[in-house]
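Residue numbering begins at 1 within each chain, and the chains themselves are lettered A, B, C, D, E and F in the order written.
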Amino acid sequence: MTTGLFFEDFEIGAKYSSQGRTITESDVNTFAGLSGDFNPLHTDAEFAQTTVFGERIAHGMLTVAISTGMSNWTGIFAGTTIALMEQNIKYTGAVKFGDTVHLEMEITEKKETSKPDRGIVKIAAKMLNQKDDVVVDMLWTLMMKRHTS
Amino acid sequence: MTTGLFFEDFEIGAKYSSQGRTITESDVNTFAGLSGDFNPLHTDAEFAQTTVFGERIAHGMLTVAISTGMSNWTGIFAGTTIALMEQNIKYTGAVKFGDTVHLEMEITEKKETSKPDRGIVKIAAKMLNQKDDVVVDMLWTLMMKRHTS
Amino acid sequence: MTTGLFFEDFEIGAKYSSQGRTITESDVNTFAGLSGDFNPLHTDAEFAQTTVFGERIAHGMLTVAISTGMSNWTGIFAGTTIALMEQNIKYTGAVKFGDTVHLEMEITEKKETSKPDRGIVKIAAKMLNQKDDVVVDMLWTLMMKRHTS
Amino acid sequence: MTTGLFFEDFEIGAKYSSQGRTITESDVNTFAGLSGDFNPLHTDAEFAQTTVFGERIAHGMLTVAISTGMSNWTGIFAGTTIALMEQNIKYTGAVKFGDTVHLEMEITEKKETSKPDRGIVKIAAKMLNQKDDVVVDMLWTLMMKRHTS
Amino acid sequence: MTTGLFFEDFEIGAKYSSQGRTITESDVNTFAGLSGDFNPLHTDAEFAQTTVFGERIAHGMLTVAISTGMSNWTGIFAGTTIALMEQNIKYTGAVKFGDTVHLEMEITEKKETSKPDRGIVKIAAKMLNQKDDVVVDMLWTLMMKRHTS
Amino acid sequence: MTTGLFFEDFEIGAKYSSQGRTITESDVNTFAGLSGDFNPLHTDAEFAQTTVFGERIAHGMLTVAISTGMSNWTGIFAGTTIALMEQNIKYTGAVKFGDTVHLEMEITEKKETSKPDRGIVKIAAKMLNQKDDVVVDMLWTLMMKRHTS
């Protein structure tokens, strides 16, 4: 297992990508039930036929939720993350049932803080589908542990 | 049921709030399984005791997911939402197992687009806990249907 | 959000209907696991081929469970329901995987009780599929809060 | 495994009871998500403190759903049930998180139909908690297969 | 309900089989989330196309998990099982989404222990698919209650 | 992300361990529903009080299921696993709700096969609780991809 990275270990420009995962009807149903979001775009096939998508699509936020899981699969956040501070999210494409998505991250910025035991890391994180279309484009800000000496 | 609001129906400054919901260990476990995010902050009680929180806390994104469900409970998005376009999210407080959160929304901005059948609505959306602390502070951008004539 | 209705607010003959929801294989599997009901009509495709339905069908009670969620989406029960007292349920049609159902309610009766802070409301509640066939025909009896003065 | 009973096999007055099951916060959360019923009686601990129950209680219909699973555990319905036709349900007590319930059934009535391959069976079905209070009192009507000769 | 069998009740050579159950995409997704096992064999349709299976397959352990449920459906373990001690498992075939499996058990061995209130029972347990191919071949060792006198 | 290991990459004696995970009532309920195993040891608190454990315990197989997820978190199996062939499992301790477990693996044996593109790897895998008691002791046999040249 890759050990979680400390603030010092992150390098600007370093890239990490995850394996893929197929978004299923069952994922969408579970997300609807967990979030309470039964917007008919996601859970009413008759209604969905009348939309521009022509079929039910995944909740955008389900794709974002899965991106956070994928980022943890890389192991770089395990045990060294103090907090997820901010997420700026642009939804740039619909995810249909059966699409397979994966995460690509790039470290874009590091900032020290007034506390010597931590630092801020910014990450450009994109979710892409099986055609390599970016479906969610994000900027994440995390507070990471720092070795002190 | 409140009918979903069209672009014209949104008024700057209008406020909507939802009933509350208690975030449970089961919610956190379901979210971990759905997202794949088993970061020990959320799922390892032994590790969590060593953190500043002293106990497992909910995934920030679970709280955001629940906020989207709560926004749908208001009914204002049902059938009139074309797409969720952007979400800017600041995590401002931890949610512990057993905390009860609710959503407060305020319409802050409306923008016409080049297409006459739709418009953009911006919403300040906050999740507050039972002590009225803001735990997530968000700005949402949605594309809503518009009556054309 | 529509505020929950008090006893006084219900009017005989008033009708409420909900948006639809597509019943999925995943809903049926989740219901089987939650209820413990793995009757082969619902969870064994080989067996189901030998029945009059020719395929797996949803648990009748899953459709009823979803009807209660749909009734809450209307908002009329939020915070003003003291208790669900009775449900009389007739299963009038099978729900197949992929069918889309919605709820139609009509207030049919109101009764005062000996206590001034509550009253009984009876509701005819039907679940219909995408062909407008009634698949479940119900009569619900609820105890609702009443304004006292 | 007890083979499913045919119409002929049911005897008026025969009783069947199931093992127990503890209703958990996780069951209630799963039911809320599956049904879409987030009524604050069940999912908002702050609100629930203001009710006569003083705490969150299980959805009545969750208890009914579990009763159907328990009836299947007896094996008497496996493969010989044509359809569940009717359920008349009286909710007679609240189920709190952590209560343990079980099912007691008694065959109360059998009716032939115009078709020789099936018959109707009526069953009084009660759910009792760990103090032997009846929390749900039901009458079920099922169409069962019949041996023809 | 068949009462759970005591040590004395088990007979060498006795066979028990269960009804079937169709393994679904939703089962696989739930298992992935519960176990945390998102190996792309099971959850990435694009990757799975490149394997010898040509499509996603169920986790072997999901099939084993379901076999334990099926063994409980027989009722023979209810309330008389002290502990499951050992399981030796050979995976002999892939389970594809939509396959229907069932359990066949045969009692193969009984052993007394130094304690008079219990005994050890060994069971050959096989999971077979709809073509009667054995997909999992197991030997289970259980500690069962014994009548003492 | 650690790339999945090929047959050549495994070294006898190499050890891998995972982060921990707290087993919850919700995990046990989800496993009961997925497997169909509602044995009262796991889901009936009243019954469980009468056992040697004095309380509900996790399904042994749930702990095994979680061990497979934990082994995937290490990344060593991602994309290079052809099949899980065998698992020999000894249950050596009960897991109570709230216990935190983790996985320790050691590569114990490698075997070539008649096919040059694959090889067999045997792994001693143990699940330990927060007191470092081994609760499940396993031997896994996997078929892994091999570089051919």
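In this section, contacts are C-beta pairs under 8 Å (C-beta built on N, C-alpha and C of every residue); 3 or more make two chains touch, one makes a residue touch a chain.
Just so it is clear, the structure is predicted and the values come from calculations on it, not from any experiment.
Common neighbours of subunit B and subunit E under the contact definition above: A, C, D, F. Put simply, the chain farthest from subunit E by mean CA position is B. The angle of the rotation superposing subunit D on subunit F, based on CA atoms and rounded to the nearest 5, is 120 degrees.
Judged by contacting C-beta pairs, the busier of the interfaces C-E and A-D is C-E. Looking across B-E, A-F or B-D, the interface that copies A-C in more than half of its residue contact pairs is found at B-D. Comparing the centres of all chains, each the average of its CA atoms, the largest separation from subunit A belongs to D.
Inter-chain centre distance (subunit C to subunit F, centres taken as mean C-alpha positions): 41 Å. For the pair subunit E and subunit F, the distance between C-alpha centroids works out to 16 Å.
Residues of subunit B in contact with two or more other chains: 19, 21, 24-27, 29-30, 33-34, 36, 38, 40, 47, 69, 73, 78-79.
Judged by the touch criterion defined above, the protein chains are all mutually in contact, each touching every other. Contact residues of subunit D toward subunit A in the complex are 30, 32-34, 36, 38. Chain contact summary for the complex, subunit E toward subunit D: residues 1-2, 16-19, 73-75, 78-79. Put simply, subunit A touches subunit B in their complex at residues 21, 27, 30-31, 34-41, 47, 51-52, 59-62, 64-66, 68-73, 77-79, 81-91.
Residues 24-26, 29-30, 33, 38, 40, 43-47, 56 of subunit E are the ones touching subunit A in the complex. Residues 19-22, 24-27, 29-30, 69, 73, 98, 100, 130 of subunit A touch subunit E in their complex.
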